[in-house]
Amino acid sequence: MRDKISSSPVLSVVSKILFAPIIIFGLYVQFHGDYGPGGGFQAGVIVAAAFILYSMIFGLSKGETLVPIMINRYLMCVGVLLYAGVGIVSIFLDGMYLDYNVLSSDPSTGQHIGIILVELGVGITVATVMIALYHSFASFGEINE
Amino acid sequence: MNFLLINFFLISLLLVTTFFIFKTTSLISVVALTGAFTLLCSAIYVNLDAVDVAFTEAAVGSGISTILMVMAAAKLPEGKKNKLINLFPSIILAVAISLILIIIIANLPLLGDPNAPIHLHVVPEYLKESKDFFHIPNVVTNILASYRGFDTLGETIVIFTAGLGVIALLTSNTLNRKTNFKKNKKK
Amino acid sequence: MFDIFLDDAPALVVVLPLLISAIIAFMPSKIWPWIISIITLLLHLFLSLHLLKEISVSGLIIYEFGNWEPPWGISFKIDGVNIGLQLLFSIFVLVSTFYSRKIFLNEIDYRDSGKAYSLWLLAVGSLNGIILTNDIFNLFVFLEISALASISLIALGAGQNRKALLAAFNYLIIGAIGATFYVIGVGFAYAMTGTLNMNDLVIQLAQYSDGQLAIFAGMSFMLIGLMVKAAIFPVHIWLPPAYSYAPSAVSTLLAALATKTILYFFVRLLYEVFIIYPSYLSLFLDFVLYPLSLLAIFVGTVIAIYQDDIKKLLAFSSIAQIGYITLAFSLKDHSGVASGFVHIFNHALIKGGLFMAVGYFAILYKDRVTLNSLKGFGYKYPITSFALLICGLSLIGLPLTNGFISKLYLFQALYTNQMYFSIALVAVSSALAVVYFWKIVEQMWFSEIKFKSEKEDAYIYLPIWIITISIIVFGLYSTPIIEFSNLSADYLISGYQN
Amino acid sequence: MVGGLFIIITSQNYLKKVVGLAIFQTAVFVFFVSLAKVLDGTAPILTKMANAYSNPLPHVLILTAIVVGVATSALGLALVLQIYKNYETIEEKEIESLELKSDK
Amino acid sequence: MSNSFLIILGIITPLFAALFSYVCRYNNNLRDSFGIIGGLITFVISLKIFHGIQNNEVFQITFFTLFDGVDFAFKVSTLGSIFSLVASSLWILASIYTIGYMRGAGEKNQTRFVIFYSIAIHAALAIAWSGNLLVLFIFYEILTFSTFPLVGHKQNAESQSAGRLYLSILVGTSLIFFLPAIFWIWLETGTLDFQDGGILINKFPAENLSFLIAMLVFGIGKAAIMPIHRWLPAAMVAPTPVSALLHAVAVVKAGVFSFLVVIIYIVGPDFLLQTKSSDWLVWLACFTIMASSIIAITKDDLKARLAYSTISQLSYIILGAALASSLAIKGASFHIITHALGKITLFFCAGAIYVTAHIKKVSDLKGMGYKLPLIFFAYTLGALSIIGVPPFIGSWSKFYLIMGSIEREFIIVAIILGISSLLNIYYLLQPVVIGFTQNSKKEIKLIKAPLTVWPPLITGLGCLVFFFYANYFLNNISGVIVN
């Protein structure tokens, strides 16, 4: 099935064209979450969708060169660490856990910084986990060949 | 009034979809119907003014999880038509639960009543502070990341756990060292 | 500088394991994940001890995440009810982690040890979250983390036996249904009160007297959801396969702590929140929980007698023991609740020790441990066998072990409530426990078979013996357990009597 | 919602059980979100025009719950795949009979 | 040596004997000697304590508190001092006999046997000297578990099922009835200590007392009252020294001892007499006496016959306790000694016959009297003592029991005791009669096992000798009851 898809020139061209806009849309959703609907989750999923689309059309191995498995896995951890780390930092700055007020001299700015960082952590984790899920499902049963 | 009509229409569509999911045996069709189901749900969410939720449901529910289900279904054999098991008890159970729910929901404050306790306690504070303190218009984001930031951390960890679990299940050495997919098939 | 962290101990005991799990998840090393876990859990224990100190001074800690006052933000609450459990949790997790290394090396491919320990720490952190949280939705999040982590760990047991997959799948489906029921309940409760914080919930519930039906329904849904998770009798079916096909170290953790933490939250919900409606509460306790506990005790024990597989046998005996705990909790008075807590402590130790010993036997035997496979183990592996014997005698409830203390206080509670039928049932079921336990002993010591044996591994039998010795020590000197339990009951019941 | 539960109980196909679970959960989420609705309100994004907003808190909770649900079904699917690999079927009845055989 | 130290020493000596036997497991002679040495030491200690009790000394030691009002403590009562004396003295003889029997019969796993034998004695001594009901219960259970390996010693299907029956009845009854009864007493009175005159009076609701008595009598399964007597005949598959241990030295004696202790020091005979809550038990005991005597007559297997005889004799003691009058209790207490001496003689003889001639059945004993004169002589002495013929020690206890029943105006009971003695004569003396009067045509090879011959002779002669020194014990026993 995959051979058919990747041999179709229309699909490959369209997907190449689509790739960048999807990522940009994802980033928009990520950072515009404060003002409109959206945020880390949605952005993460959209970014992941771009990569999934890519590796669906060009095959798993091609997709792997784009985001190597191991790096993807480490990024999963980085997302969680970023989120939890914000909490630890706020403890360092003599606040409660996840107390963003102390991140900056102005509590309101502190909240902004905190929310952006945290959403970024969520986005990274969601995106990478989704890619990892796709990877595991797609490669299942074929790795031992 | 429009709101209720649309809602009613969408929910009856949901019921129809559920019925067909129940009837269908072909796995791919089931998955496709599930995608439709979640899309309908996100439409309902929009109708209920829950745009963030709708967005997520569309992206996560009908996007990613449908992709995953398709991939799984592609690797699995076609579903077989089996005799229904536990049919009678489950009908009774289903009817009983529905009745209970209907009675209870009749007891809840009316849908959309602005004076329900749910809208009077706690939440007004959120709305006020978002305006005066955060200067961030999307209240959902505020609550998600700040007021209930710990929940969201937990949620991130849930996703992480699931990812880790799936990796451990599907690509780990523990489970794959003995047998191999293809070989099993040939036997 | 260190003081900064101590102030945030409530958050750190939960966050630390979760954080570290992300660090070790994809470590390629064979041993470092274990070492880091041990260090983390040592810190965890240290923090728990610090909490104990704080509690003994102040009696109550409310920790507000993000500095948002409850009910706006999420909070943790530490008081007399959960401090004892927290301490037990810390210690037991440390011991079982120490124990788990050699077991994991045998049952799980060494290249996966990072993932396994990461999942392990995730389970630990989230279970600890269940102990501390004061927010009904936050609990759901922790329930799900712990469920997903333990399901993955259980499924890793499929390296030994493929039935682990089915067990994990059933757990996933049933557990998710339970969790969703819980969410429905939270929805109703929230709809009626507009709050999620447990303390605030009590205040709000007192205000809204109309629409009680919805509140009762919400309560019922929450309780049903938790009952599924805690494996209370009719909805326990996921538990025996899950415990018995999981890797041995995982069964140890789950059997000792997972259901206990949820039971703890269950009783807290009952006696701290639903106390607002005493008539509903007593209706639930008398006509639902009480008969179900009796059934659980009876059915669990009887099924255990007919099991051939030792881990399954222990799992069914867990069902019966959970029945003892819920029986105690259904008594509505101080002595009942206290004796329930006593049994939570003691049973955690006993079952932990038993699963540890049996897990080691599985490694030595290189297959699932059935009754037949234990032939002659008593002579070949005396150190572990003897520990198993002591844990088993404690399970039966003979004097000088902590199991006896549990039984003593349970009897006392039942007697003051004049429940003679329950006393008889508990007595009969503990006599039946002799039957299934003695089958094991008989195989171990009274049948001769020659086979090659290995030397026992100190890394494994040391933790087993730590648990065993604590069983004896708490049998002889039960004051700490009794005091913690009385403290818990004091806090919970004072609300009931006012 | 009840339909989803119904599917879980009656289906013998493991994949369908996962689907049933997803439907069950989604239905509960819809119910939950409907609690938040305020008539004549708008989405909880502050603007100058609107003066009534729907309740944002259930939205937040359901966001979390949706993600949890997806995580659960992903894990469930992975389990179904592994089960298929080990048993070569995902029908409950067939697996039961297989296990009965192997026990003997 | 201080008094408390004596108790500790007495209790741990058998444990050390077990330990040393294990250490020296490769040297048979050395291994088996520790039983005798340990027996001697404990005998001396028991004797010392016995005399001390007579002189109103207090022997007691408390280790730590188990829970409210209950300590882990030992305190020797008058009755306990007598029981410990019986157990330790018979341990010496049983050890000697064991050597002869086990080697003569060529049993396997002798080390395990010796070890658990010693542990059982340890438990019996601890029961005798326990300071409260819970400590008694603990060692009661240890006794059960430590005798299980002895009962199932042969490790074949028969002994395995017998062992299971043994264990399930004893542990089952004690967990279902005895332990809840203990809890009940504790909940009502707040203590479990043994006190002269009992602790229940004025604290325990009198209307529930008969219920409590029922829980106790059925909970103490070792006392083997019908219908929970099945374990005792089943345990006969074990080697004869075990039967001797079960019937004479430790197990059943521990059972009736426990029951007596409960009646005397927990319930209090006065309380019983006031409420008459145990009168129903008198009839149950009578029924057991008659029924088991009749069953004994039908048994051809010598050991089985002796087992049913034991069941009937144990009910004498329970009967005495149930009558609760001072004379009856005196008789019951004394019956522990007399029955121990008599029954151990009989079992020693049965074992000796088995080892030397491989005969188990009464009907096969034809003509054996002339071939094994010493054994048959000892057997006759023991049998006469149990029947209660005057120049033997057994007559005293029966006398007091009959007096006690008359004191309580249970005339029928006295008659039943008389009938039961007649039945005793029939089934106990029949082997002797067969042995000396009938001639067998079969040639039987005899194996020499001298160590199995002397112990029964000693105990048999003891039955005769102590008749004249009975006051030595009886004086002491009369201190049991403080009316």
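Letters are used for the chains, namely A, B, C, D and E, taken in the order the chains are written, and counting of residues starts over at 1 for each.
Rule of thumb we're sticking to: a residue touches a chain if its C-beta (ideal position, glycine included) is under 8 Å from a C-beta of that chain, and two chains touch if they have at least 3 such contacts.
Remember, it's a predicted structure, so these values are computed and weren't measured experimentally.
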Q. So which chains count as neighbours of both chain D and chain E?
A. C
Q. So which chains are sitting against chain B and chain C at once?
A. A, D
Q: Write down the pair of chains with the top C-beta contact pair count.
A: B-D
Q. Which chain's centre, taken as the mean of its Cα atoms, is farthest from the centre of chain B?
A. E
Q) Among the chains, which one keeps its Cα centre farthest from the Cα centre of chain D? A) E
Q | Distance between the centres, which are taken as Cα means, of chain E and chain A, whole angstrom | A | 80
**Q.** Inter-chain centre distance, chain A versus chain C - centres from mean C-alpha coordinates, in Å
**A.** 36
Q) What is the distance in Å between the mean C-alpha positions of chain A and chain B? A) 21
**Q.** Distance between the centres, which are taken as Cα means, of chain D and chain C, whole angstrom
**A.** 27
**Q.** Contacts with 2+ other chains: residues of chain D
**A.** 5, 18, 35, 43, 45, 57-58, 61, 63-64, 67-68, 71-72, 74-75, 77-82, 85-86
Q: Could you list which residues of chain B touch at least two other chains?
A: 51-52, 56, 60, 64, 68, 72, 75, 108, 118-119, 122-123, 126, 137-138, 140, 144, 146, 148-155, 157-167, 169-170, 175, 181
Q: Using the contact rule from the top, write out all pairs of chains that touch.
A: A-B, A-C, A-D, B-C, B-D, C-D, C-E
Q: Over in the complex, which chain B residues touch chain C? Could you list them?
A: 100, 103-104, 107-109, 116-123, 125-126, 146-151, 153-155, 157-158, 160-162, 164-165, 167-169, 172-175, 177-178
Q. Inside the complex, what are the residues of chain B that reach chain D?
A. 3, 14-15, 18-19, 21-22, 25, 27, 30-31, 34, 37-38, 41, 44-45, 48-53, 56-57, 60-61, 64-65, 68-69, 72-73, 75-77, 79-80, 82, 84-87, 89-91, 93-94, 97-98, 101, 108, 111-114, 118-119, 122-123, 126-127, 130-131, 137-140, 143-144, 148, 151-152, 154-155, 158-159, 161-163, 165-166, 169-170, 175, 179, 181, 184-185
Q.
Touching residues of chain D toward chain B in the complex: what are they?
A. 1-7, 9-10, 12-13, 15-16, 18-20, 22-23, 26-27, 29-30, 33-39, 41-47, 52-64, 66-75, 77-82, 84-86, 88-93
Q: Give every residue of chain D touching chain C within the complex, in rising order.
A: 5, 8, 14, 17-18, 21, 24-25, 28, 31-32, 35, 57-58, 61, 64-65, 68, 71-72, 75-76, 79-80, 82-83, 86-87, 95, 99
Q. For chain B, which residues are in contact with chain A within the complex?
A. 51-52, 54-56, 59-60, 63-64, 67-68, 71-72, 74-75, 133-138, 140-142, 144-146, 149-150, 152-153, 155-157, 159-160, 162-164, 166-167, 169-171, 176, 180-182
